[in-house]
Every structure is written in structure tokens, then in C-alpha cells.
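Several structures are given next for inspection.
Below, chain A partners chain B and then partners chain C, in two separate complexes.
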Partner chain A sequence: MADSASTVPPAAAGVHARGAGTDDGPSAAPGGPWGQRAMTALFLGPAAVMLVVWLVYPTLKTFVRSFYGRDGSDWVGLENYRALFTTDTLQTAIQNNAIWVGVVPALVTSIGLIFAVLTERVRWGVAFKIAVFMPMAISLFAAGVIWHIMYTQDPGQGAVNAAINVVDDTFSSAGVLTSAQGSTPELAGTPERGLVLKSSVRPGETALLGLTGIPPAQVPEGARQAQAPTPRPGAITGTTWRDFKPGGGRPGVVEPQELGLEGVTVQLRDASGRAVRTIKSGEGGAFSFEGVKAGSYRPAVGPETFQKPFAGVSWLGPKLITPAVMIAYIWVWAGFAMVVIAAGLAAISREVLEAARTDGATEWQVFRRVTAPMLAPVLSVVFITMLINVLKVFDIVLSVAPGSSQDDANVIALAMWRTSFGGVNDFGLGSAIAVFLFLLVIPVLALNVRRFKRET
Partner chain B sequence: MATVLRVVRRAPLNLFLLVVAAMWLVPTFGLFLTSLIPKGEIAREGWWNVVAKPSSMTFDNYRALFDNNDLTKALVTTAEIAVGNTLLLVFIAALAGYAFAWLEFPGRDGLFVVVIGLLVVPLQVALIPIFSLYNSTSLFDTVLGLILFHVAFGLPFGIFLLRNFFIGIPKDIMESARIDGASELTIFFKLILPLGLPAIASLAIFQFLWTWNDLIVALTYGRDTQPITVAIFSQLRQFGSNIELIAPASFVSLAIPLAVFLAFQRYFVQGLLAGSVK
Partner chain C sequence: MAQVAFEEISKVYPDGTSAVRSLSFEVDDGEFMVLVGPSGCGKTTALRMVAGLEEISSGTLRIGERVINDTPSRDRDIAMVFQSYALYPHLSVYENIAFGLRLKKVPKDEIHRRVQEAARVLDLEAFLRRKPRALSGGQRQRVAMGRAIVRQPQAFLMDEPLSNLDAKLRVQMRAEIARLQQDLGVTTIYVTHDQIEAMTMGDRVAVMRKGELQQVASPQELYDHPVNLFVGGFIGSPAMNMLEGTLERSNGSVAARLGSQSISLDSGLLDARPDLAAFEGRPIVIGIRPEDLEDAAIVGEVPAGRLLQGTVELREALGSEIMVHLGVDAPVASTVEVAELAEDAGVPTPAGGTPDRATRIVGRFSPRSRVKPGDETQVAVDTQALHFFDPETGLGIYS
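Here is the complex of A and B:
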């Protein structure tokens, strides 16, 4: 892959050879000028017919059509264009596309540049390039399916959320009970700050921390019958238990068939509310703080107990869907940017770089002052190519975004298709959207033409 | 000693690039593993768990895929469209590319500027008029209709690429052929096509991948004529229940262009560079 760089710029090669090719005109073809014309028509005819019928004529037709209504019989003037900028989903599409234009070409170009520069420094650069470039061969649609699966919300199935979960778990772990509440007004508070016993407790006394609102699935496995605590001198003993049994039971009293909750974080808070001791309840939900100094304390169920497990980021939900599609898109196109920029890098003369280094320039200076400026034309080509691609983005949105969030992920090309063929079937508005899209690429079109004219 | 030092210094860079390479390979690999999970377990299992117990992998999903008439038909349709339009495009573009490179005719440069202008025209501007055209002729919902659309939209790039390559063919060769009395057609078939093979190969691979991977054109002009992308798309509308079909179908649909790409990547990259360094 790397060596292909030297064989390429045919554009440049073409321009160079062109002088030689056209200087003294063609030699006379057999059959005179008419034979020559017929020959030209033969070579050019098929392409000309196809371009006129499938590109030029439809473009003009679409332009005209955009001034007519849904079924094409009534002239509506600029009504479709007004609708284009006032309809909700279309506004979303334009805004989203603006975000795409602002974010993606710059990111793809920078990532491509970073990869291209870094791969030059490792021995397995070619293998790396193939890996990153591979998604280019895959359809944007299939790439979207791949990422749709990657983005599944359940961390047990979606790889992206599973990866986040691994990182998340190293910092905090889920609590044993996520929805429990105090069983009596005596035990009150919030899951975020913990549930605190209202009356204070002294060493030698006991504390009952009854909890309800625990679904059977959350009762720790192998939970045993709760026992009322026995007071001991110098210690604060207590029980945390599921203060509920079939039929109800009396709140605040440990009764038969009520299960002790093991693994609950229990805190002993002093008068100022600071947790002085923290332990976890043991078998049958029993806990005891031994050797407590004299004074009054308030036992509490610590907030750790209520920590919700990581439920997964909703990548495919309405809020994150556009960034999610962008990530998938960048994954596809980074390889393109990398390969083109790497070819540009390879074309920069080693001697110039060496000369700069001999003069004592640091690697960063070499990059800033020599490599980057010489690479500027290539970077701008990549950037502009991506700009056009991003304006036309379509398939990947359809396959990453589930139907429910397609309105939130909408982009211009998708809006054009959905308006024209996706059930609404408004060819007037659809044409207006297409014309709008066309107008957006006109600057690039002009740029291409100017560059060509300069070369000849 | 020096090499040890070098290896240590390079370790962070290598590690970083390894992680990046993994990020680029893992998603596709994940799709492949998903396609190997038995139908009943697919909704319960993360695909990475399958690695730990290879015995649970199965190709049953692929068997079901190839037993599914809609999907096998879609694969055949995809191949017909991709191969057919590529051959036609290469031929028409080569003819025109030769005319722009070596024939003298009035307005040649002006016309070529038009071709360059057409390079960036989004196909959305043609969707609606061509829809009406196809409906009033018998091209709607046919392989031929899809092929012609793809050829037309592949032409600006194809003509551009081939003209730039043909123009670089040494003038001496052309001159001596003409002096020997060879006709333009002889020159085209005996000289230009063989000498232009690298560029033609680039164009062919490009167009093949582009049309194999197309969704929007087939979605617009096909009903029963469905290539694989459209077939998967209609399955995707009921996503979740039938991932055991979507995963292997997606993998098959990307395995073929991937194989083409890996086999001919040199030409692919050449075409890419020629197309973008314009």
C-alpha cells in the first residue's frame, strides 16, 4: 500500500504529458473531417447520452419541479423552500448536517494525519494501514449494522457499553439494593445520602433497620430468617432486614418469614452526622459495632447500598444518536484520510526533512515548519472530499439509527429521501431539498473547475 | 543495548497503535461472532462471550441464510448489478476518456470542464425525475434500470480518471501506430485498453465496490429487484427479533467487497488517490 504512493498522482502525470499529447494536433483520420466527426461521436456518444439523460436533464427538471406542489400540477413558487426551513424534522436535518459539517471533516482529517505520521514510525505500519483502511471496502450500510450491534444498550450485549462498564466498575460497584426504602417513618432519608434512624442509639442499645420496596429478585441469594438483635454492653447491635412478608406483617418488628439482608452498608453517624464507623451486615442481616465510645449515635443505611448498576449509555436514543452515527462514520473514513495523507507524506523529499534536522530543528519544528506546510494541499483535498461526503451522508444513518430516533438523527439527504419516497411522497418538497443539497456543493464544484483550468 | 532502549522508547507508540488497530478490527469481528451465536441465545449473549466457549459457535445461521430464497436471490441480484454496471461503465468511460485525451474536436476542453463539474453532483438531484422516467418506461424495478443509473453516476469519475491516465501514454507510441495506418478503433482496442489497464482496474474495482454497497438507488427503484443491502434493510425494520439473519447476511454482504479490496488493494488505493488528488 505504501509503495502505491509513488506510482500515483496521475492527475499530475497527465497534466505533464498533456503538453506533449496535444501540441501539434491530431493526425488526419481516414475519411476526412466527416469521418473524424463520426469517430468522435462514436467515442463520446454513449457517455454523452447517459450524462444528459441521467444527470443533466434530471438536475434541471428537479430545479423546475421544486416550484410545484406535491403532485406537480400546481405552481407554488417558493412555498417548498419556505417549508424546507420551517418544518420541524427538516430543521433538525439541516442543524444536524451543520454539526456534521463542523465536526466530521476536521476530525477525519486530523485523525488521518495523526495515523499517517505515526505509522511511519513503526515496523508494522503496512498492517496497521490495512486494518484501519478495511472499513472503506464495507458499505456504509453494513458498517451501520455493525455499529448498531456495538451500541446495544445492555452492557451484557453492547460492546461499547460493556467497555464503559469495565472502566466504570473499577471506580464504583453496584449496591445490593437499588430501590429499597425505610419500612417505618423512623428510618428516613434519600438513596443518595443514606437512610438514617431518627432516634439516637447509645452503646448497649440496639437498632432496627427495616427496609421495604425490595423486589424478590434483589433479595440476596441464600438470605436467612432475620433475628431481632440482642443488646450487648459497649456495643451497638442491630439488624437490617426485609420488613415485609406475604400478607404484610407489622412494620418495624422482626417477624418470622422476614429475611435478613446481608451485605448492606451500615454506618454509625455521630451527632454532627459524620459517619464514624462503617461495616457491612452479616448473616441474617445482623451487624454490630463493638467497643463504641459513650455517646449518642444514629445508625444509617449507607448510600453505597442503593448504588444502581450501570445500565448502559443509550447511544441509540434521541440524545446521542447523531454523535453515535458520527463515530461509526469516522470509523469508516479515517482510513481514507490516512492513506491519502500518507501518500502525501511519502512524496515529501527526505532530503528536505534531513536538512532541517541537520540544522538542529526539533521533530516538532520539522513537523510545524516543513511537513505541515508541504502537506497543506493534500490536507485540503481530504477535507473537501469529506465535506462533500458528509453533505450526502445517508445509508449509515438509516442503519445505525433505529426507526424511533431517525427523526433525531435526520440529515439533509435522508430527509430528501424520506420526503420523496418514504411515505410522505411529496415530490415538490423533495425536489426543493435536493436543490438545496446541490447548492451546498456548488462551491466545491467551482473549486474543482478552477483548479482544472489553472492546471491546463 | 541500544536496540533494547529503542524498543522501550517505542513501546508506548506501539501500544497506542495496537489499541487503535484493535478498535478498527473488533467491530467487524464482533459482527462475525454475532453471526455464529445460535439463534436462541443471540438475544442473551454478548458476542465476546462466544470466544470463551468456541463449542457453542455454529454455522446454522449461515445455513438458514442460504436456505432463505429472498436473501440468496438478493445476493445474485447484487452480483448482477455490480458486475454488469462495472463492465458497461468501464467500456463507456474508456471510450470517452480516449476521446478527451487523444481526439481533437471543437469544445473539447469546455465539455471536459462540464464532466469535472458533474463529479460532485449529488445523486439526490436525479432521484425524482428518474423515478418518473423509470415509471413511464419499463425500467422501474429492473436490474437494467439500476445498472444504467449506476453507470451514469459513475461516468464523471470514470471519464476523469481514464482521460488523465490515457493522456500520459507516450505520444511516440500513438504516433507510430497512426503512421502504420491503424484506425482509431484499432488504437483504442489494441493500444489504449492494454496500456490503460492499471487505471481501468482501479476504476473497475471502485465502481464494483461502490455499486455492490449501494443502498439509496436500489431502495428507490427496486421493489422485487432487491440487492442484499435493501434485503437487509427490510429485515432491519424488525430489528432485534431476527438478528440471527441480519448478522450473517451483513457479514456475507461485506465479505465479498472485502475480499475484492484485499486482493486488489493496490489498484483501489491508486484510484482513490487519483480521484482525490484532483
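Here is the complex of A and C:
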């Protein structure tokens, strides 16, 4: 306080001299040195009072409080700090914070750099920049809520899993059945490995693949009556059908009211058990392998028939929760990084880049040897800003991670809040965590201040 | 080292602006070619097309035998010196000069040798470890030159490299670059808007106007036989005086009538330029170089037919000579080219022209002349050195 007061008077006096309309220069403020001091106090006073009440006092109080127990009545010395480094959930928090610090600032900076460089020279670059910058307009908490909903496991509700589902479907679609078994001992096996006919079949013969144990809901609507296959020379024909009708029916025989199963994957396996041909059954469950070479084969219901549908990635479960929160956080901050870096890029003289090109540099060499080094100061601003932000990360973790995963998603600031206010009500330990976080931020702040000094 | 050939080169920007129109000329191997013209004439665009920094809309550009229209800048084997020098601010002088060699993966000791050699030639040895921001303008300019010469390219391209220097340094660097180019013998295209640089440095000079090539010739040829009004007015400082007159024949001799005055022309002149006969009785633009005007009081005996009457308006003593601005009663040539040149020189409209206001002409007088502002004076005209231009086409009449 005293220190800052002694550095300010000239400016304050200058303001006063103008305000009073005197023309004898800023150094000769009316009232002499005491008048200057009064003026300084008047200007600095309100801000200083607020700083003391809401910042300095709470900081000191927190520091003192961290040496007392949960209700603040008994002195426990360093007990809270011991707990800080021995409690499991708090260790997870410290570990997670370390991961955040190691991963997020670097990713945000590099993604911002990539976006800035790419949008610089494309049509609609500005539109793209606006889109990427938009998330900065909403609070981190709200962004967290949005991502929480998007991360819902059911692909029918969560946008992320729905998107994965779309991709997944193009490569492998869910089978028509979830489970079934052979209707006779003749067709044996498991859904995972396929159900194989025990006796082999030669071209010109037929195969009956009767299945039971199919939930009625899985028999597609509009399924047709199954028909017994008719043999044809040179081909193996057959039927896959639900070998069951109200009342039971005879296993292994195609009967009226028994429905054909369409879309079942049918394989023709050779003696070694390798599938040589694969087709899907058509209407009424009929299938036929045409032009089969002479030999004996064993038809089988392929495991693809029982392929389970995509169930969704458990983003909010204990394993993926930290990466999930990080993705949401990067989504928000990439825009900030991009805009700052783009401003830095715009300040680079085009002629310098052209000089590099005429000097024989490829576009990548121009970027690597000229653009990137010239951007270094801007990149370090973004990186350090992100470092400080990430150390303090709190609200987005709280809003993305459901209560059940918060122990796994824990970070230091969240741990402090949960310990103090989130039901535990241990203000002693909470204060200790706060002091620890404060100590962590100090070196980075010092780094930043030193950089400011160097620049000015 | 190679020849650079422009064949019908044109540049049209996507918005339809045509910056360079059908430019054709050749720069010989080892030649120092200066592209000169007022701002916006397309000279820089032409240079940037050679550098590969600007796409060529149509035409063929060759360096040596190679057509380089679609060759990326990095593979053209040219070195460019920029107006802003475009030094790499994060690299030391040494690294700035070595940059192109490092990209080419030249062996380290070879790089060292070449950089040291360039530094020695350019007197930069003491600054090799400094960053560009710690250098003066002239030193930065030399680093930019160094960056170009270590590459030993097919051609140097220089885009107004001296325009950011102060006048004294500019004169010094002008000589230095010209000497360096001569020593290295590298084909050079040098863009400038300064016609003095063009005249002093170039083996040949190409004058451009509004994207079109006007004349390519040696500096002296350009000066003595400007192909048109534009070149005549652009080359030379102070600029050629352009007056509008009519050729009149009386008693067998021909005189040029300039307003109320008249200068009689030698018959030899008419014999040498028979085309002038066609302009008898018609308006013609008469160009008089300032050095072809002299204070009549100094010259001594001057026939009356070679005198112009004028009022001294301004006297600029340069020591070795005096620039005298005179108001004469003669109409100024009012052609598009003259207006354009005046605009480029920063004069809003050509001075005078109306009968009540005298046209201002500039004469380069001997320092012994005693004329002072306000004097009515007689000026001797060297009628042998007059230039004549067709006011319709702007073309010079030399035959």
C-alpha cells in the first residue's frame, strides 16, 4: 500500500492540475506534497479498501484457518496438510490437475494455432472463426451442462454417442437377432461363434436352419411364412426360420404359421471350418448358394446375425470422465487461443513470408522456420494464460461430471469446494487445499509478471 | 545466371483490374534491367510475377530455357530484395544471410565460407551476430543484399530496395549495388519509381505506364530519343518542358510559334526529320530539356530567332547550376500524358495554360547567371536539341 502510494503521485497530481485548470504545470499541484498525498489516497482509497476486505483479509484468514480442525475451534498444526497428501480422493485431484496442466494448455495452444493458420487463407475464414469463438460467449458452467447432455451414454439421447453410432453403423450394422439357438441338436454352437449344422451338405442338397429362443419382439413385422427349400442342381438351398409356433410344433420341420427370418447371415463353411461363402437370407428366410463347387459343406448361421447394436461410450463413467471434461474445456478455449494467435499472425509482415518463399522454403518450412518463431511471444501468452486457467479449473468439471464420477474427475479447486461446502463441511482441510492451490499458481503468475516487465 | 524473357505477359486480377498488359521484352544474361514508371504502372506486379509471388494470367515467362509460369517461387532459383528488406526478425544477421543455404542443405563449412564472404563484401562482418532490429536502415539493406548474393541465383529481383533510405545513403547504395551487380554478373531486374536510379544504374531501362511497356532502351537513348511524350516527360530531372506550338513556314524557313513568341528552326533539323513537314500549320508539342535553355546574357550573341522572353519566378541555386523557373507566354501542352505526369509528380494540374497566366518552364542556367525573381529576361534555346511530339498520338518525331 505504502509502496504503491509513493509511485503514484506524479500521475495523480497531473490529473489534479488539469482538473483545477491551473497552468503552472503538473509538478506544482496546489497544497504542496500533503495535497498530493491526500489526492493519492482519495483515488486509491476505494479500490484499496475493497481489495483488503474481499481479497487480502480472506486470503490471510484462509491461511490461518488451514491450521485448525473442521469446526475451527482446535489447532491441528499441519494435520490438514498431511491429509491433503494422504487422502485418496485428494491425491486423485492432484494427479488429475497435473494431467490437466500437462495436456490442456499445450492442446489449446496448438489447436488455436492450427485454426488460426488455416482460417487465415480460406474463404469463409471469418465465419469459421466466429463459430469457433462462439463458446467464449457462454459461461463455462453452461458449456459444461451442454456437454454433460451431449455425453449421455444412450445413443438415442447423447449427441456424441449418436455421432459415433452413425459412423459405427456404416461399418458394421447390428444383427437382426440378439440371441437364438438351434431348434434341433443338429444345429449347434454359440451366437458368438455361429450356429453350425452338424451334418454336411453337398451341392444339390438343402439345409434347414431352424432357430428357437427368439424373443417375439425381434421377429420382424411383416415376416413371411417360411417355405421348405427346394433342391436345385449345383446349388445349396435352404431356409432359416423361427422353428416355433403357438403350441410348439415339430422341431426341424417347416410348418404353417412358422415365420421365415430375413436378414440372417448364412455361411457355407468348408471342412476346415472356414467360411467360403457368406450371404444373407431373403424373403421367407430362403437362401441359396449358387454354383457351389463339388464337395461337402456345412451351412451355419454366422455370428454377424447376433451382432449387438452400439450401446454408447460411457463418457461420464469413471474411466473417461477426465478426457471428456477436457474436450469440453478445449472446445470453449480453442476459440480464445485462435483469435489471439490470429491477431499475432496478422501482424507478421507478408513480405517476410514471401522472402522465405523466394529463398526456397516450402510452405511447411515457411511455417516452421519463420511463422512459428515469429509467433513465439503470442504463443507463450496463450500458453501461460491457459496454464493459470487450468490450475484453477473448477466449474466445468462440476457441471460435466455427474456426482457419481466426481471423485474420478476431481481437480484441486473442485476438491476444495466439495470438502468445504459440498457436504463434508471440513473448512480446515478445505482451507489447506485452497492454500496449496494458491502456492501452485504463484510461480506461473511470477512468470507472467516477469514477461510483462520484459515487454514494457 | 540466365536470360529472363517476358512474352506477352499479362496480369488481370480477379476483380477485373488489369495490372500488366501484354508485356514483352528480354533481359539479357548478366544485364542490369531497370523497370521504371509512376506508381501503379505495373512494374512491381511484373517483378512479382517473375518472383512467383503473383500468378501470371497469360503469356510465357522464361528464365534461361525454362518456362517458369507454373514453377513455385522456391524452385525458380531467383533471389528477391524487398522494399521493406523483409529480414527475418527472429534470426541473427548471419542466420538471415544463411537462411536460403540452410534450406538447400548446403554443407555447414560452405555456408560459413559464403556468408563470411558476403559479409566481407558488404561490410557486415561486425554485425553478423546482431538481430536486424539492432541495425540501421543502410545495414538492413545490406543484409537483404547479402541474403540475395549468397544464394548465387539465376537472377536478382529488386523491388525499390533503396526507397526506405535517406537521400545520402541512397546515392551511396546505388553505386554499391551497381558495382556489386557488375562484379557478380548476375542478371538483375530492378524496380524503381525514381528515374535517377533508373538512369544511373541500368544497362537498359524499361519504362512502363498503366501496365504497358513504353520503351526499352539504354538510359542515354531514352533521354535523347524518348519514344513518346510520356517517356520524354518521365525521364529527366527537372522534367522536360512541354509547350504547345504550331510550325509555320515563312520565307523558306520554318518557325515554331509558341503563343506570342516564335523560335526559328534550322533547316538542318527539318532535313533530319522530314516527318515534321507534315505538321506545318498544325499544332505540335515541343519539348525542351532544361539544360537546353540558358540565360541569353551569358551566351552572348544569340540570333533573335532563338530567344524566348520570360519572367523569372523562382531561382534555385544548386551551386554547380541554377534552376530557374520562368513564366513564358506560351500554351502548355495539354495532353493526357502531361496531366498524368504532373499528377505523379504531385502537382495537381499542369501549371498555367490559360492566356492570362504564363506557363512555367524550368531552365538549367549557369551559376554565373544573375537573374533574380521578377526579372524580365531573354532565354536562349538550343534549337538543335528540341523534341517534337505528335499531340494526337503522343509519339516522338525523330525521322
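The rule is short, and it goes like this: the second predicted complex is superposed on the first by the 328 of 456 C-alpha atoms of A that agree within 3 Å, B and C clash if a C-alpha of one lies under 4 Å from a C-alpha of the other, contacts with A are read in each partner's own complex, and residues count from 1 in each chain.
Just so we're on the same page, a residue touches a chain if its C-beta (ideal position, glycine included) is under 8 Å from a C-beta of that chain, and two chains touch if they have at least 3 such contacts.
Quick caveat: nothing in here was measured; it's all calculated off a predicted structure.
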Handout entry: Fit or clash between chain C and chain B when superposed on chain A
Key = fit
Problem - First, second, both or neither for A:Ala376, with chain B first and chain C second - result: second
Practice task
For A:Lys392, select first, second, both or neither according to whether it touches chain B, chain C, the two together, or no partner.
Solution key: first
Handout entry: Partner chain(s) touched by A:Gln365 [first = chain B, second = chain C, both, neither]
Key = second
Practice task
Look at the residues of chain A and decide whether chain B or chain C touches more of them.
Solution key: B
Exercise for the section: Look at A:Ser179 in the shared chain and tell me whether it touches chain B only, chain C only, both, or neither; answer first, second, both or neither. Expected result: neither
Practice task
Please indicate which partner A:Ser349 is in contact with in the superposed arrangement: first for chain B, second for chain C, both, or neither.
Solution key: second
Practice task
Mind working out whether A:Arg357 is in touch with chain B, chain C, both or neither, as first, second, both or neither?
Solution key: second
Practice task
Report for A:Ser404: first if it touches chain B alone, second if chain C alone, otherwise both or neither.
Solution key: neither
Handout entry: Three-chain overlay, closest Cα atoms of chain B and chain C, distance in Å
Key = 8
Fill in the blank from the handout: Intersected contact list for chain A, partners chain B and chain C none
Handout entry: Parts of chain C lying in touch with chain A, wherever the complex brings them together
Key = 51-53, 72-76, 78-80, 82-84, 86-91, 99-100, 103-104, 147, 151, 157
Problem - Residues of chain A touching chain C in the complex - result: 349, 351-352, 354-362, 365, 369-370, 373-374, 376
Handout entry: Residues of chain B touching chain A in the complex
Key = 10, 13-14, 16-17, 20-21, 23-28, 30-31, 34, 43-48, 92-93, 95-96, 98-99, 101-105, 109, 111-113, 115-122, 124-131, 133, 148-149, 151-153, 155-156, 159, 161, 163-165, 167-171, 174-175, 178-179, 183-184, 188, 199, 209, 212-216, 219-220, 229, 232-233, 236-237, 239, 243, 246-247, 250, 253-254, 257-258, 260-262, 265-266, 268-270, 272-274, 276-278
Problem - Footprint of chain B on chain A - complex, ascending - result: 1, 4-5, 7-14, 16-18, 20-22, 25-27, 29-30, 36-37, 39-40, 42-44, 46-48, 50-51, 53-59, 61-62, 65, 115, 118-119, 121-122, 127-128, 130-142, 145-150, 156-159, 162, 331, 334-336, 339-340, 343, 378, 381-382, 385, 388, 391-392, 394-395, 398-399, 402-403, 413, 416-417, 420-421, 427, 430-431, 433-435, 437-438, 441, 444-445, 448-449, 451-453, 456
